[in-house]
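Pasting the structures here.
Look at the two complexes coming up: chain A is in both, with chain B in one and chain C in the other.
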Partner chain A sequence: MNEEIPEPGRAPEEPQARRGGAAREGNGLGREEDGAPLTRQRADGGLNLKPSGRVSVPEEATQPDGATVENPVFSCRDVNVFYSGKQALKEVSLDVGRRQVLAMIGPSGCGKSTFLRCLNRMNDTIAGARVTGHIHLDGRDIHDESVDVAQLRARIGMVFQKPNPFPKSIYDNVAYGPRIHGLARSRAHLDDIVCSSLTRAGLWEEVKDRLSSPGTGLSGGQQQRLCIARTIAVQPEVILMDEPCSALDPIATARIEDLIDELRESYAIVIVTHSMQQAARVSQRTAYFHLGELIEVGNTDRVFTNPRHRLTEDYITGRFG
Partner chain B sequence: MSRRALRKLVNALALGLSGLATAVGLFFLGAILWTLLRSGLAGMSLQLFTAMTPPPGSAGGLLNAIYGSVVMTVIGILIGGPIGVLAGTYLAEYGRNARISGVIRFVNDVLLSAPSIIVGLFVYELLVVRMGHFSAIAGAVALAIIAIPVTVRTTEDMLNLVPQGMKDASTAMGAYHWRTITSVIYPAARSGIVTGLLLAVARISGETAPLLFTALNNQFWSSNLAAPIANLPVVIFQFALSPYPNWQQLAWSGALIITMSILVLSIAARFVVSSLGPGGRS
Partner chain C sequence: MSSVAAIEPAQASGQRLRERAFRTATFAAALLVLALLGGVALSLLLGAWPALAHFKLDFLTREIWNPVTDKFGALAPIYGTVVTSFLALLLAIPVSFGIAIFLTELAPVWLKRPVGVAIELLAAVPSIIYGIWGLFVLAPILQRHVQPWLIDWLGPLPLIGRLFQGPPYGIGVLTASFVLAIMVIPFISAVMRDVFEMVPDVLKESAYGLGATTWEVIWQVVVPYARTGIIGGVMLGLGRALGETMAVTFVIGNAHRIGSSLLAPGTTISASIANEFAEAVGDLYTSALVALGALLFLITFAVIAAARLMLMRLDRRALSSV
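And then the complex of A and B:
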């Protein structure tokens, strides 16, 4: 899996990524005006920088580094989000790779959940929210007028912080997506989808005898796995997870993490988490957000063992946040 | 006096006053119910439910009035219920932040507390004058207009209680908003909406003033919706004011019947809430 992740700084060799890079540089918003030379410089020697000199302008240009991947499923450029005029996300450019987990970490209010909600346009549902910039899913602008937002969301599953099963039976919870999108050809086919989704979510054995009992009657960890089963029942391309384990105990958390690891074989996953251990365990790439800005992104091993930005280092070593 | 003693005194005073207020309120409620039971039960018989309203001095029952009340209440809620639920849905889901919603809420609150006799006069102008005579359907429309604001309010409140996370989950699944409303939000708020409808039924089944100007009354059996129809509140009103003892007795019994049905409806509403659960578990 790791071969697919380009080394930070090497990505701009890819045509698609270079296009993104050009767009960034062309945007010329002050701090990025010297982005191109810096990127080049980092490509050959950036890793050797000592922690001491890391607070000023050069680090700001860390953002493009490692933000792009080969053949991304999501490609985001210069994304800004405003809630009632207040800026919650600033000029974030970040790609989401296929068949890998991207973890987003950072202190509360840093914009990581906001960014997540941009990807399936859930910010549209918030009054007073405004999103600018470019977000492409498989090369297509998700804000294009021809895009049906409901169809878009069907391709992007989302798992929330608090398990939120519908007030329906376990079966109907999982069948909800296939039903509203007309995915099942017959009752038997729907049964198949429900069974396989629950199996993949690791819940089948526990609930197979009570599919008609309410989903809200399950334990917290089971409910969250039910929500994951509900999400994968429509076979999305990407799964967004917004702190999916923060309401769960360690055992349930471990089960969800195992599940994420398995799901990675078929889906791109973006996970917001407050647990750095979790980010280190489940993800291949990690992005660190701070006050609405993307500070650093790269290979998870690299970010955790050799953070380039002092803010990242402070955060992952627990000095603040 | 120490500060602590003062606080205790104030506490005792507050407790005593609120207890007294409760006792006064409950006393009058109890007195009304007691009088109603004592006088109403005296006239309770099977004949009450099988015979028509009688002329003065002879025996009879309230069958036509009970029938008329039930018919008008049912039609009233059938008209007012859907309008109220849909308007409440608009306020809670589609127009939550729209400026017009604030206006609608305000007008709805005014309508909620408007004297019901005004609703009666409105329907009198709207239907009775044009039809040329009183009718059951005019009575039902008047009741519907009274039921609408009650239903709008309870529906909006109940829909707002549905957790945002549940709505988000459906939206994130790629459901259109109408689908989210019908498949997720309504089932989740079902017990609350049904309770609201039952309370609206309870409210309109005792209304007298709007019926005086619309359905009027009928001494005889009538199932014609275009004709005046007997109904319990107006029968009680007329019979209670009459000088005839048998009419007065029927008025007491009718009052007891209405009160008891409202009591049963309220209990049913509570039962609906507890059996469907606060989250409306299916």
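And then the complex of A and C:
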């Protein structure tokens, strides 16, 4: 390779970019259905330049350290995003594993939110935004014409940076999703859904006596948990969180982090965070973005203890960002 | 020479004088607006007084308008003004709503600007042009193609049937309403577009994120949030429709009559004034026309004030929710 040893992480980018579209078309859709050949292929293609690492460390064999995972929920290949022609995301290839938390870190403006918003096609709502590349959810291309984008988004929950309950009652906030999708058979069933969602979000005890008061009257941390309850009421498979704690105080943050840890048992979670401690605490995998590129991704422990790329190292040691 | 030269006392006092003169001048200009408003109201009231004192409440409740016998009642123009404005809004609101929703939520970027600019240009077309167009283009089309159809299909209906009976004149209350609708659409849709754009993206996105369709987001998030703004925009349009003169004068037929049919000719307050002022002889006649003007002033003032109030409240809420 071209440079000094601490930078093998750069290597994945180059061959991958060169393979580009040809590999994509050559492999077609079939490969998404089977995780194993995909993993092998990416490794051959140079995504993991340290196969020795994977052989010698047992737990990394079950949790491959890199952009791909076994049986992913999301499988993204060569994703580019342009805002009015300006490229915000460059050739990102990344899988999201089941029942685990993927943290995305990086300096602000590096495309974390942009990538997150690709996953539920939220970028469709931005005029002038264009997304290219392949994003498969459970093996199905989310950009396929047959995909109903509303149904897709119902399968993928999203929690935003600023808590943003609807200007409705607490009950109606949680019931909103089940109502528009007709998930509840009866009023009692809807009550059930609301109760269990609030319970899972750790908010039930605090609000059970005032379900009809406005959601906007809660504290910031409570509002954010309400938004999480609203999200899980639709029974999504994946939950996307965009800096969910950045507007919260440390205690509220700790509660959300505990909640994320619990939710991981049922959902795949992708969380954008500007706090490296938070990424280290809640995630199993961490992806580092820089100027629209995915620089490095791997098991969280490994990325934080032994970053392979100079940029990652600089960022997590606080030299910039 | 040092760079920080001492300021001469004379220079400083000159500066202060200029500052004072400037303040006084702008203050006077501001006062002038208030004085004008008060002056207009006062002269309207004074001019209208003879007629109001003579006819008392009859002026508001009677349909008769007879310059020969000096009997004047404002009911027909009031009716015409209210009905044409109401119908114009009825037609314009859905269309404006559609335009605004399309522009804010659905239109591709390259289409947004041209359509937005077109709307602003439409708003700038002088009303006399709408009048000419209404008389020479729209009225014949309505007379030949639309009104016969209305008479055939809606005329026989119970209750509302009466509104669509009689001969198709071409000009009349309905035609005036059409022209007015076309004239207020740019205003209403521009305001609606602006208030829809004020709806925070996060609110829309959290509904989208739960799997809401664009339709659901519009009706359950955008419209409730923008409600007061929508009403404010409609009121602005109403204010314009109420006072519109030239275009209406061209196409309404100028008959001091309350026809049971919308196809019949009628008149509005402003159309009556424009039509008759030049030939009004006699103090009572002139005063009756001025009284019509005072009425219009009151109605429009109230509508615009209400609209401003609503838009103001919306602004404040938008600020407080940031």
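In the analysis below, the second predicted complex is superposed on the first by the 256 of 321 C-alpha atoms of A that agree within 3 Å, B and C clash if a C-alpha of one lies under 4 Å from a C-alpha of the other, contacts with A are read in each partner's own complex, and residues count from 1 in each chain.
Keep in mind that, in the parts below, contacts are C-beta pairs under 8 Å (C-beta built on N, C-alpha and C of every residue); 3 or more make two chains touch, one makes a residue touch a chain.
Bear in mind the structure is a predicted one, so any value in this text is a computation, not a measurement.
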Query raised in the report: Should the pairing of chain B and chain C on chain A count as a clash or a fit in the superposition?
Result: clash
Requested in this report: Identify the partner contact of A:G157: answer first if only chain B is touched, second if only chain C is, both if each is, neither if none is.
Outcome: both
Query - Contacts of A:R130 with chain B and chain C, given as first, second, both or neither - result: neither
Query raised in the report: Of the two partner chains, chain B (first) and chain C (second), which one does A:H181 touch, if any: first, second, both, or neither?
Result: both
**Report entry** Touching partner for A:P214 - first (chain B), second (chain C), both, neither
**Finding:** first
Query raised in the report: In the superposed arrangement, which partner chain does A:S169 touch: chain B (first), chain C (second), both, or neither?
Result: first
Query raised in the report: Looking at the overlay, what does A:S84 touch: chain B (first), chain C (second), both, or neither?
Result: second
Query - Among 129-137, 147-155 or 165-173 on chain C, the segment whose C-alpha atoms clash with chain B after superposition - result: 165-173
Query raised in the report: Touching chain B and also chain C: which chain A residues?
Result: 120, 122, 125, 127, 150-158, 160, 162, 164, 166-167, 176-177, 180-181, 227, 230-231, 234
Report summary line: Listed in rising order, chain A residues that touch chain B in their complex are 120, 122, 125, 127, 150-158, 160, 162, 164-169, 176-177, 180-181, 214, 216-217, 227, 230-231, 234
Report task. Sort out for me which residues of chain C touch chain A in the complex. Result -> 107-109, 112, 200, 202-213, 216, 220-221, 224-225
Report summary line: Within the complex, chain C is touched by chain A residues 84, 120, 122, 125, 127-128, 150-158, 160, 162, 164, 166-167, 176-177, 180-181, 227, 230-231, 234
Requested in this report: Spell out the residues on chain B that touch chain A in their complex, using ranges where they run on.
Outcome: 96-97, 163, 165-166, 168-176, 179, 183-184, 187-188, 279-282
